[in-house]
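Paired with chain B in one complex and with chain C in the other, chain A is shared by the two complexes that follow.
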Partner chain A sequence: MAYYIFKRLVMALVVMLLATVLLASLAHLIPGDPVKLMLGPRASEEMSARVRTEMGLDDPIPVQVANFVIGLLQGDLGRDFATRSPVSNMISAALPHTVALAVASLGMAVLIGIPLGVISAARPSSWLDRTLGFLSVSLITVPTYVSALLLLLLFAVGLNLISSIGAGDFSDPVGYGKQLLLPATALALTWIGYLARLVRTSLLEILNQNYIRTARAYGLRERTILFTYALKNALIPTVAVLGVGMGNLLGGAVFVEVIFTRPGLGSLIYRSITQRNYPAARGAILVAAFLFVLANLIADMSYRYLDPRIRTWES
Partner chain B sequence: MDSVLQVQGLDVVYHSHAGPLKALHDVTFEVKPGEIVGLVGESGCGKSTVASALLQLLPPNGEVTAGEVTFRGKNLRTLDARSLRRMRGTEIAMIFQDPTTSLNPVFTVGRQLRDIRLAHAGSLQGGQQDLHRQIVEVLERVGIPDAEERIDQFPHEFSGGMRQRIMIAMALMSKPGLLIADEPTSSLDVTLEAQIIELIRRLRYEYDTSLLFISHDLGVIAQLCDRVAVMYAGRVVEQDDVFSIFEHPRHPYTQALLASVPLRRNRGQRLMAVPGRVPSLLDLPRGCKFVARCSFAHPVCEQREPGFFGTNGRGVRCHMYDPALAYDASFNVSAVSRPSEDKDHRLATLGAEEPPVLLEVRDLSTHFSEDRNLVECLLRRPIQAVRAVNNVSLKIRRGETLGLVGESGCGKTTLARTVLGLLPATAGQILYNGRDMTSIPGAEFRRLRSRIQMIFQDPYSGLSPRLTVSYLLTEPYIIHRVPQAERYTVGELLSMVGLSEELANKYPHELSGGQARRVGVARALCLHPDFLIADEPTSGLDVSVAASVLNLLKDLADRLDLTYLIITHNLNLVGYVADRVAVMYLGRIVELGTTDQIFDSPAHPYTMALLSAVSEPDPHQRGETRRLLLKGEIPSAKNPPLGCCFVSRCTQRRDECHATMPGLQEIEPGHLVACRDWEDVQRGSLIE
Partner chain C sequence: MKSLPKLSCIMVVVLVLGTVLAACGAEEPSTVPSPTPPEAAEIEPTEPPEPTQPPAPEEPKILKLRITSDMRDLDPAFIPQNVDSNISSNIHEGLIVYPGDLTKTEEILLAEPFTVSDDGLTISFRLHEGIQFHKGFGELTAEDVKYSFERFQDPELDPPYRDDWAALDKVEVTGRYTGDIILEEPFAPLWQSTLPVTAGWIVSAAAMEEMGRDALATAPVGTGPYEFAEWIPNQRVVLRRFEDYWGEPPEWDEIHFLVITESSAAEIALESGAVDFGAVGTDAVERFEANPDFDVYPVDTLNYTWMAMNVQHPNLEDVNVRRAIRAGIAVDSLIEAAYDGRYARARSMMAPSLLGAWHDAPLYERDVEQARAYLAEAGLESLDVTLTFENITENATMAEIIQANLAEAGINVELIPQEGGLFWEEGYGAEGARVRQLTLMAYATNPDPAWVTVWFTCAQVEEWNWMYWCNEEYDRLHDEGMREMDPEARAEIYVEMQQLMDEAAHSAWIAHPTSFFVAKRTISPVVMATGEFIPWRFTSK
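The block that comes next holds the complex of A and B.
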């Protein structure tokens, strides 16, 4: 197991390194001149040139990339073009809000989606199963930005139940939780539907397996069979999908954060890209990539926890 | 009431989109205390449905529509769900066919055994400690070594044979009155099959349980059962004690079934192949269900279904035995025209001139190296080679049939694939007509390669499901760019393998197993090959269908002058079909000789063990033939024992055996063996 973790960590590092290089180069592909944007259209050529040199933008691109990577290894993500404050400070301020959002919506998806899937699979083709199926597919098809806007309009604006603009403060957990409710739901809805369908399908397949027949033939209770013998097997593919789905979730987080004006990583990315603020954009995207790699690592680990067959193969 | 289980007039229907499938009709039999009753029949005859129906474990679309199931005086059909659940696994326990899929992969063996007990005992008497001890004990009794340590392992950490032992432990834990075993040995090798049969035989006494043993394998039934019920199309067509069934089968179907088993003693003869196929359950004939395939059918057989004539657990469902009709019932299928074609005349001519060697394999090795991922390459982790085929030398003469036998994992299929060029040879030569196929240029290889064809193991997976039979049979010509004039037409090919031309536009899934296998044979014949490799040619086929495929292979050999390499684990098949036999173990040939040499005077302990493990379809042979049980299972080719490859399982190993692998030595003309003590083996002085 230790060897496996080591192997995975090495691979994760390689992926991160490649992502970094790619990002650093990609930032230069965004159209527009950051210096022009920063100084405004009336800035003199001379002044622009000075700023450009100061920021290292005159260096050839490979040198800039190398500088970025070297800086990164020293914990330096560069400085924001506009405010000149370290990008790492901006990210550390934004990150907790995004993590809270991701964890809350993922938790919501798991806690609601999986039981819905089990309920459907327990009585396939019943009216309940059909209704849940219809609802799940509907949830999957609604894009996050649509559900976010609808939720905002309905609960915060129309019914005026909860204020959902901004993120609130961590010093007030209850208030923060309330603020989080709508954005997290908006982000979770697709996943609830998706998980419900996924769990239903894999559970139905598992319930047809020979070992379920064995469990029945040996008089195990239906409850034990469904929730223990079948579900643990059915969760294996679900976890794999969740790991990859993290990227999807982070993508959705951009919309949700912008719509609910949460000062998270998504908002930061959105803002920096619209302002051609390379250092901030690539720093933030890099952290998002890191989150994604981390989520996959965790998914892989839990996958191995759930499926002992993989454990033996690897060792 | 002296029977443990009594089944009376059981009817089962499966509701399907196409209409009701009458899976069982009027099934009546009983199991007496301590008795082993065999339920035998081909696939689709309803054997497994009987097993599921007893404990009401039918799939949701299945329904018991009539009949009684009485277990120790209790009517199981009227029992409520709760009491029924309580009986499952405690009073009636089941063992299933495939232990690999029948155990839950994500829970430890101990946990699965524990959960069964917990499901039945509201609170544990004696506590966890006591239960743990009981589980270890039952695992030890079914022959799991180191049960105490292995209890916390997962099913995949056990070998196939061990998994089946765990299933048996599961069944015996509660000392059930009745054990239902549904094809418990069908997915196991011969040697493991023999081990499991012995185990069941022993445990029946130790646990004082009765057994309902379901199998399609007449050999296993003959070895184990006291009484036998033969099933056909959802009916019990004959029931009797095991000796009567095998010696004086009365129903035409039973007779045909027994006559279709390939055995060494009917070498050279055509096998009895039951014509036609089992009728569809959707559209059963009005009269006797066997009428269309019966050689003795009378008009009455078409008109009404025969009753069951007989009493006390013996009888026949056939009009011939109806006392009211008074037919002459002294018929026997095997007496009906079975032209004893003389294969030996072919052999005789072979012996006279010693035909040329068609294929020679010289010191061939095929090793697989494990895939390493990026990190492992960077860390320079050593590659572990799996020596699937190790230094094998073989000669096959034109017109000959060589049987290659061995347990699964011994490298038989790898050898075949290497000969075909589907796998690269690590070392050695493959000479076809004297040309070394491993070193010739591509164009010549392609030309030679078309002379050697393979019939693949699974009848269906060798045929692309998206292509029609007609295209499948033309494809080889397209690949090899064969001019139109040299091609067989699809019709010719189909008629060569005994299929009608109507099948040309069908897709593989529309074919029966036997038909698909025949299409596979036809595809191999397209390019006018001289040499055919058949990998388990009868696997996945019912006895009667397998017989007709074997007959076909034999006819083709005579007509087209073919040479065969037949790969199988079925020794009865080899004894029937092969001229010479090669016995393979862990990638090496350990013995090679004519079929008579191998069967009559085996010289390698492994061959001896294999032969002793064969389940002969003859109840008289049980107990008589001393069962030299091969202990344990074949070691992994990744990690073979040092010295002789067989040393870890040999009963008469000496110190030298741990040091080096003995080479093949010729002990009589044409009989080669790789064992130092072959003389002791032949003398029969094997240490038990």
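The block that comes next holds the complex of A and C.
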């Protein structure tokens, strides 16, 4: 187990290093002068030149990339071009909102999607299964930005139940939760449909296996077979998918954050790129990549933990 | 179900990670302590008050406004965008201001009107006594006026708006509340686009010395009716009523500026009551006009949009080719399709309300035969050109119509949509003159004609003059217009400059954009033709 974890950690570090160099280089390929965008048309050439030097934009791109990597190793992500504040502050201000959104939306998807999948698999080809199948596919096909706008129009404008904008403050958990409800639902809808289909398919496959037939032959109750023996194995692929999903959502749910004006990592990346704010873009994308790798690493390990066959196969 | 808890372990790990990150590094909002009492909600009694107790305080009266992006710099010498001036105008004051429209100015900090010397070079002022700066930075004096104006010429500071005070020699302090603004030469824009706008706002010399420019850029100190209270980046800016304000107290206890970048989100925020006032897109105007809870305020701005033709490009160097293009475009159709016909058509770059507007300028209607004739005069039967534009919906719509229009005149247009950063980068500098042919453009302006004409001088050819057109007579007139103090004579100069541009046929003028603001029916907003609004002057009906 220790060797496995060590191997995965080394691979994760290599991926992170490559991602860092690649992302730092790619940021410079985006056309557009950050100084012009920041200072506006009336800034003098002298002022622009001075700011360019202060920002380190005079250096060749490989030097800028190397400086970024060296700074990163020292825990310094650089300073934001626009406000000159440390990028790490911007990220640490944005990240909790993104984590809250990702956890809430995937949590919602797990709590609703998995039971829906189990219900479908327990009564295959019934009218309930067909209805849930139709519902799940519909949820999967609705783009997130459409469901976000529809939810806003229904609950914020039509029923006037929930405030439509901002993230609220962590100091007011109830208020924060209310602000989180609609964006998390908008993100969760697709995942609910996806998980329901995934769990149904895996569960049906498991339910046709020999050990389930044996369990039935022993006269075990169907409920025990379903929840104790079948579902555990059926959820293994779901865990892997959730790992990727969590990584993606932590990387920034840009549409939802922009529509609900939530100050998360996704909107920070979007804004930084449009402003050619290289340090902020680099830092935020790097953190997103790190979270993606981390989520996948955790999913990998839990996958191995949940499935003893992998451990047996390795040994 | 044993595996479900295991599954949720992953979620918990990430949640814990997020919580730890939040606890360790969450950025504190930029908050300035204020002597005002805690909010009403915090001190509301839990039981009904006894008759002998003082009545429960009322809920604070909060005005909530949409801003289209986060604030960046509230220092009057550096304000980069309307969003910042909309916030800063509640905090800072000048000697004179535009009270709501651009036809008159109002003296606010002055105890008596300016005295101007016969040669127009010395402007004497006397301040009201007892005007206080926010946060206890003391009384406003003539020294603060001197500091605020002269810092524009500080080479170390080098603010982008230094040209607003290009003619300033110095400010002489003659008493605690009196002083003379001394100019090196007559400077006509002083009264339109220097003193009444951001460049004329007064900052506290003491605060600047104690806190420094960087700190004041995001937590400014002025004498205005509201003081800066809080900034949560990318969420909101909060201003609180300044209790020691020298003038009439404004109506709102607090003003909240909420960052909503997307128009559709802003429209929903208005409809759901999350904001009281904000700009909306032209496509939403009809919906709000039909809604009895809102009023729509269209404001014809001084801004201008046009299609620039690069006179240095081999394809467009013949004036007859440019005339052919100008004659081949149906400008009214562009406005109809891109802006629901809601923008005012432009005759030139000067909006009709601006001094020097050329009211009799020719309005070119589409004439395909005429366009073909011009092309023939240039010795051409057909022509291939490119049209570059910033890739937003309205521009793409206009570009497609232009393409279809010109095709009928024998001119084949290749469309080049570009992302914003690339669009502004590519046209700038020597490279721009080489690669650009036709370009869809949009500029904003301060309320003085000199700030419209300056971008098309020879000095701007490799900067912001994207017709890449240089005319010495135009440049001479521009300089003359800056010095001419008689408004009528000045207006004639600017009309002459527009005529020179018309002869060169390097532009097809399209529109002066109309900004549409939506306010709850219970609110009376104040919006200016610069597209800026003045929240502290908003009142409830």
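Operating definition for what follows: the second predicted complex is superposed on the first by the 307 of 315 C-alpha atoms of A that agree within 3 Å, B and C clash if a C-alpha of one lies under 4 Å from a C-alpha of the other, contacts with A are read in each partner's own complex, and residues count from 1 in each chain.
One rule holds for everything that comes next: a contact is a pair of C-beta atoms (placed from the backbone, for glycine too) under 8 Å apart; a residue touches a chain by one contact, two chains touch by 3 or more.
All values reported here derive from a predicted model rather than from experimental measurement.
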item: Superposition on chain A - do chain B and chain C clash or fit; value: fit
item: First, second, both or neither for A:156, with chain B first and chain C second; value: second
item: Which superposed partner A:10 touches (first chain B, second chain C, both, neither); value: first
item: Contacts of A:211 with chain B and chain C, given as first, second, both or neither; value: first
item: Touched partner set for A:100, first chain B, second chain C, both or neither; value: second
item: Contacts of A:53 with chain B and chain C, given as first, second, both or neither; value: neither
item: First (chain B), second (chain C), both or neither touched by A:306; value: both
item: Which superposed partner A:220 touches (first chain B, second chain C, both, neither); value: first
item: Greater chain A contact set [chain C / chain B]; value: C
item: Chain B versus chain C as contact partner of A:231, first or second or both or neither; value: second
item: Superposition-derived minimum Cα distance between chain C and chain B (Å); value: 11
item: Residues of chain A at both interfaces, chain B in one complex, chain C in the other; value: 232, 306
item: In the complex with chain B, residue positions of chain A that touch it; value: 7, 10-11, 14, 209-211, 213-221, 224, 229, 232-233, 236, 306-309, 312
item: For the chain C and chain A complex, residues of the former touching the latter; value: 1-4, 6-11, 13-15, 17-19, 21-22, 24-27, 72, 80-81, 158, 160-163, 214, 218, 232-236, 258-262, 264-265, 268-269, 271-275, 419-422, 424-426, 428, 455, 463-464
item: Residues of chain B defined as touching chain A within the complex; value: 55, 57, 85-90, 93-94, 96, 98, 101-107, 115-116, 119-120, 154, 156-157, 167, 170, 373-376, 378
item: Touch list for chain A against partner chain C, complex; value: 30-33, 36-44, 46-47, 50, 82-85, 88-96, 98-100, 102-103, 106-107, 110, 114, 149, 152-153, 156-157, 160, 163-167, 170, 227-228, 231-232, 235, 238-239, 242-243, 246, 250, 258-261, 263, 267-268, 271, 274, 276, 294-295, 298-299, 302, 305-306
